[in-house]
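Structure record follows, encoded as structure tokens.
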Amino acid sequence: MPGNSFGHTFRYTTWGESHGPEIGCVIDGVPPGIALTESDIQVWLDKRRPGQSRFTTQRKEPDTVQIVSGVFEGRTTGTPLAMTIENKDVRSKDYGGIEDKFRPGHADQSYWAKYGIRDYRGGGRSSARETAMRVAAGAVARKVLDHVLGPGIAIRGALVQMGPHEIDRARWDWDIVEDNPFWCPDAKAAKAWETYLDGIRKAGSSIGAVIEVVASGVPAGLGEPVYDKLDADLAKAMMSINAVKSVEIGAGLQAASLSGEENADEMRMDGDKIAFLSNKAGGILGGISSGQDVVVRFAVKPTSSILTPRKTVDRFGRDTEISTKGRHDPCVGIRAVPIGEAMMAIVLADHVLRHRGQCG
Amino acid sequence: MPGNSFGHTFRYTTWGESHGPEIGCVIDGVPPGIALTESDIQVWLDKRRPGQSRFTTQRKEPDTVQIVSGVFEGRTTGTPLAMTIENKDVRSKDYGGIEDKFRPGHADQSYWAKYGIRDYRGGGRSSARETAMRVAAGAVARKVLDHVLGPGIAIRGALVQMGPHEIDRARWDWDIVEDNPFWCPDAKAAKAWETYLDGIRKAGSSIGAVIEVVASGVPAGLGEPVYDKLDADLAKAMMSINAVKSVEIGAGLQAASLSGEENADEMRMDGDKIAFLSNKAGGILGGISSGQDVVVRFAVKPTSSILTPRKTVDRFGRDTEISTKGRHDPCVGIRAVPIGEAMMAIVLADHVLRHRGQCG
Amino acid sequence: MPGNSFGHTFRYTTWGESHGPEIGCVIDGVPPGIALTESDIQVWLDKRRPGQSRFTTQRKEPDTVQIVSGVFEGRTTGTPLAMTIENKDVRSKDYGGIEDKFRPGHADQSYWAKYGIRDYRGGGRSSARETAMRVAAGAVARKVLDHVLGPGIAIRGALVQMGPHEIDRARWDWDIVEDNPFWCPDAKAAKAWETYLDGIRKAGSSIGAVIEVVASGVPAGLGEPVYDKLDADLAKAMMSINAVKSVEIGAGLQAASLSGEENADEMRMDGDKIAFLSNKAGGILGGISSGQDVVVRFAVKPTSSILTPRKTVDRFGRDTEISTKGRHDPCVGIRAVPIGEAMMAIVLADHVLRHRGQCG
Amino acid sequence: MPGNSFGHTFRYTTWGESHGPEIGCVIDGVPPGIALTESDIQVWLDKRRPGQSRFTTQRKEPDTVQIVSGVFEGRTTGTPLAMTIENKDVRSKDYGGIEDKFRPGHADQSYWAKYGIRDYRGGGRSSARETAMRVAAGAVARKVLDHVLGPGIAIRGALVQMGPHEIDRARWDWDIVEDNPFWCPDAKAAKAWETYLDGIRKAGSSIGAVIEVVASGVPAGLGEPVYDKLDADLAKAMMSINAVKSVEIGAGLQAASLSGEENADEMRMDGDKIAFLSNKAGGILGGISSGQDVVVRFAVKPTSSILTPRKTVDRFGRDTEISTKGRHDPCVGIRAVPIGEAMMAIVLADHVLRHRGQCG
């Protein structure tokens, strides 16, 4: 298994470059008999689509998904489910020198070192364009979860920090997340971020962010120790998203500062169910879901595409400088929210099927 | 591939429970012709071995490794390399009620939910006992790296935070890491931690920690985008270690607060090599190593095995309480240092072979 | 890994049904820097294309391949290589009752039992239509072999038996294989088969065949014992082709009747190379290539699509009968020749890269 | 995945060489809660054990299996199930020159070409000694089948041809298979073979054989098209057994000579079940089980270890001769019967779990 696939039983593979004819993915392992149409997938793609506010890249992509395999008369057949999206807005005239120059903080230098050849147009394979197919696969994964578990699972993401500015968790409100351009669950923070990010945008600069994804209604028992633990697979899934630099589960990094008394989530019976009195574990114990909310957080670095010229080198071994003109994403973390949700859905769908396979 | 294997081309599988007859692992994919003896592995196991200071569990295990397959006349043969360690110090009389009670913060409840059966003795399969085999596999991985790349790679780990107390990075000194019981690179911090941890130990409490692992001399080009990125595999590897709750690459979580100008590592030519002016990326760009130091950090939660009684439930659905007597690890993060190093070596060895397979 | 992928390091996945919008495949693991255009692939597809003589199905498919990912400026980039072929000749009006009836010898009943849903149009996913993508992947595999090993490998297939009629091996001539509609290496047999098969065709009947594929110039050392042996992977590859019922390596089934003296291939030095005095082994010893020609043979059953009505049942559990009208393949084995060649190329390419990964 | 593992969801890995300290295997994916003791496995190992008649090698191995992981209080726990067998009868004094010489028909030359190093003692990793662990894994697989499907499956193997001498299928009697040293289902043939094989044994020669394995009670729906078809996985499983040169499903090679009318298995309803009127397909249609008996046949070549000297070369590139003294197996096919049964059980167990994972 080379590196363009993810998952074990719900397994998908993506292809396509930023400026190629299409991007696509094939999912192998979708259970048969699930009602599925393109609009079930399109709704999630529309959320991720760039250019919906002044705070995300102005690339204009309708991102219309087509199902080309695996569905018959509106239902999945159990055979490979393939989907494609045509690349439309491919401005190919001017690449601003990146044909030869390595943009700092981008994958130009490392791809060149690895392959000795590089499709530099729009970042080629290393472009976040690929994440559209993650969102499409995630939409199918949500259907699989509903199909196998019934409609109890909710997977929701939010931006909880922009640059140094964190939300106030006391004001967390899922209902407002879609009402602001940041997927921010704190109305007051969202307001403040607007001004803050406008300043960054106008300066041609960029800033990082932290995203939190929460899955509610996950049954206890998912995860395959000791290497395909649920948290290990989530860490891989989130770290594989472009620009992600950290992944945390539950208390995450804060767990380092806690005492054993503070960190362990106590339990009481609530009728015939176990009620945890806290959720420092983020819903995962020993790599297996406990029945609590599964909570993942990840940090996204600021894009390195900025107006200020930066020192770099080119592929001929010469010192030079580079700055980015044109499309510009002041906070790429914003667009990572639906992608993080999709990866959560994918990991859970895979583990639901794996668990069913081994444990019935 | 169920969950007890890791790696693609350098692939290993572990088995064994805390109180079973043995733990073991089989590595498939070791190149032939590498000089390897048990003492090459034992030296790393000795570093991890418990009971070497008052700050780690007092379980007495000689942890003597035996190679049972894959080596002939002192050299690897290319066939599966299997290793076993006998479990010696298996005190089986009294399990303190964990036969039936779920210890908060432990995997008792989630294993029960998943499998409906649980080898509760010493934590069974969920015990950190398994990590001895990671260290053994890591020792072989180091040999593979030397064999393929020449002896240029150094993989070193350190404890950089204990509870809320971080080291002063200005005082970082690799040479003193093995001179204190904490793998601490800051002599002054190590001194302070001694008093601090003694207090925690005597109180029967516990505390978390942060470990940093640095690989120097890693060639550019390792990593398989877009899912088996080097950072994604490192995230999975580290998160799969017992009690780990976060993984960071380079600037990690701090990247969220940085501007694009601060975060992008500029480049200059240094003779015919690229010199980076900073390493916010942690040596990985677009999921591929850049040639800089690969830097990974992970947080370990405090053990939930503490003297203070905690509320919990048992497998019969009754409210109860539990506290831990006997062996006790006030800061399990300490013992995670050699394990983190081992996982770094394993991930790099796997990616070196994968890269060689595809790219020659 | 669900079942629609093949290979480990050169790994491909196919999708598409007989009457869907397209068929496609994505190959992950293609080395970078290989010159590759669509015409390199088209040439092999043209050989497999149906309707080229009166002896194969009259479905009219131009089978024009499009590369949609993984090639930049005429060279592979090391990222996923995806290819698609549009389905053109999709006659969808009349399915002759197979919407509900299970055709004997076809996959109708077993797909229904497995998935509870079935895209019956043209056989859906179980159609040999999928094999076009095997041929496309095989074309890329040949390029990989040339790239890694130099242009020394020749992979050639031939029909060596039609119904009960075997060729005379003394008359074997590779040069005439493409000069007759059967890929037959024995001119005299090809002549006789023409009359024979015309009779079968006119009777609306069908007949089986045996195909032999020979790879010359394969270096010694390919194959990964003890499960991914070269012969084991070839057996899987060939048996996965539609309608194949047996796979033989070298002497194959005849080896059962041989004595140890007859069967073992003796060796002599020929300069600094080993010369074998016979090739009962089919070029594979202990699952590893020996340097001799790799020889595989497989039997293809007659298609069950015949004019004579056959007893069967329908999905409502009723006894009924069925016969096939319309397009008709009197000897589907003919079209299996280029598919067998493709699978040989794929298995070898995968093992060349695997060997390079582990053994350098 | 390097080559020493087999299976996807019921996945096992073996290690060990002929003359190393032990052989072993670890099975990952065994469902939890299955009653399992060492004697459940030992009973199958005893059947395979060498030296039980004058017709198999006289190596004396008690082959006592030890479960070292994955079972607690007599039940599987869902964690890795590891088993080991100590190598006892390791006569290491005299290797008859095979340290340097390549035995014709053996893996000596190809292992040397691949790895550049070779544990020649008893054939090292290429020895059929490894198959003891296949039998052990097969015993566990049988338990898994009973656990998931209920006790309806019977997996039985028989020797159906020795050298050129086939059984008479009209005399097939499963009840006598264990009553003769050949696993022969035809009492009259068994009698004749005794004289025949005695002649071969006394001449220091050897002969091939054909084994048939039949699985009854297999539910319809197992197999994962289009690459992990049930027949494709069986072909790989059987071809991976030492000395196997052909694999056939159902009519097998004979299918080439059949007409479509003869080959297609007609269907009638029998109550609410489908009754097939013949079984040319060997119970597999389109790579998925149909509900009929699954029938696999494979040919085993004669061992190349014979008394007559054969021409060969050594690792220094010199012509030489070799003959085998000491232990000697006149028909290694005999011992392949329980191994073929084991591989059938393993493939079915894997596919039962895979099917349950995807299709519920």
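Descriptive notes on the structure:
Letters A, B, C and D mark the chains in the order given here, with residues in each chain numbered from 1 onward.
Heads up, the rule we're going with is that a contact is a pair of C-beta atoms (placed from the backbone, for glycine too) under 8 Å apart; a residue touches a chain by one contact, two chains touch by 3 or more.
For clarity, every value in this text was computed on a predicted model and none was experimentally measured.
Of all chains, B has its CA centroid at the greatest distance from the CA centroid of subunit C.
Counting C-beta pairs in contact across A-D and across B-D gives the higher total for B-D. Here the CA centre of subunit A is 46 Å from the CA centre of subunit D.
In terms of their C-alpha centroids, the spacing between subunit A and subunit B amounts to 26 Å. Inter-chain centre distance (subunit B to subunit D, centres taken as mean C-alpha positions): 39 Å.
Each of the following residues of subunit D touches two or more other chains: 1-5, 8-9, 14, 29, 32, 78-79, 114-115, 125, 225, 354, 358-359.
The part of subunit A that touches subunit B in the complex is made up of residues 1-6, 8, 14, 102-111, 113-115, 125-126, 130, 161, 163-164, 200, 205-210, 220-229, 231-240, 242, 244-269, 272, 274, 277, 280-282, 284-291, 299-306, 308, 310-313, 317-319, 333, 354-355, 358-359.
Taken together, the subunit D residues at the contact with subunit A in this complex read 1, 9, 29-32, 78-79, 148, 225, 353-354, 356-360. Residue ranges on subunit A touching subunit C, taken from their complex, read 1-5, 8-9, 11, 13-17, 20-24, 26, 28-29, 32-33, 66, 68-70, 72, 75-82, 114-119, 124-125.
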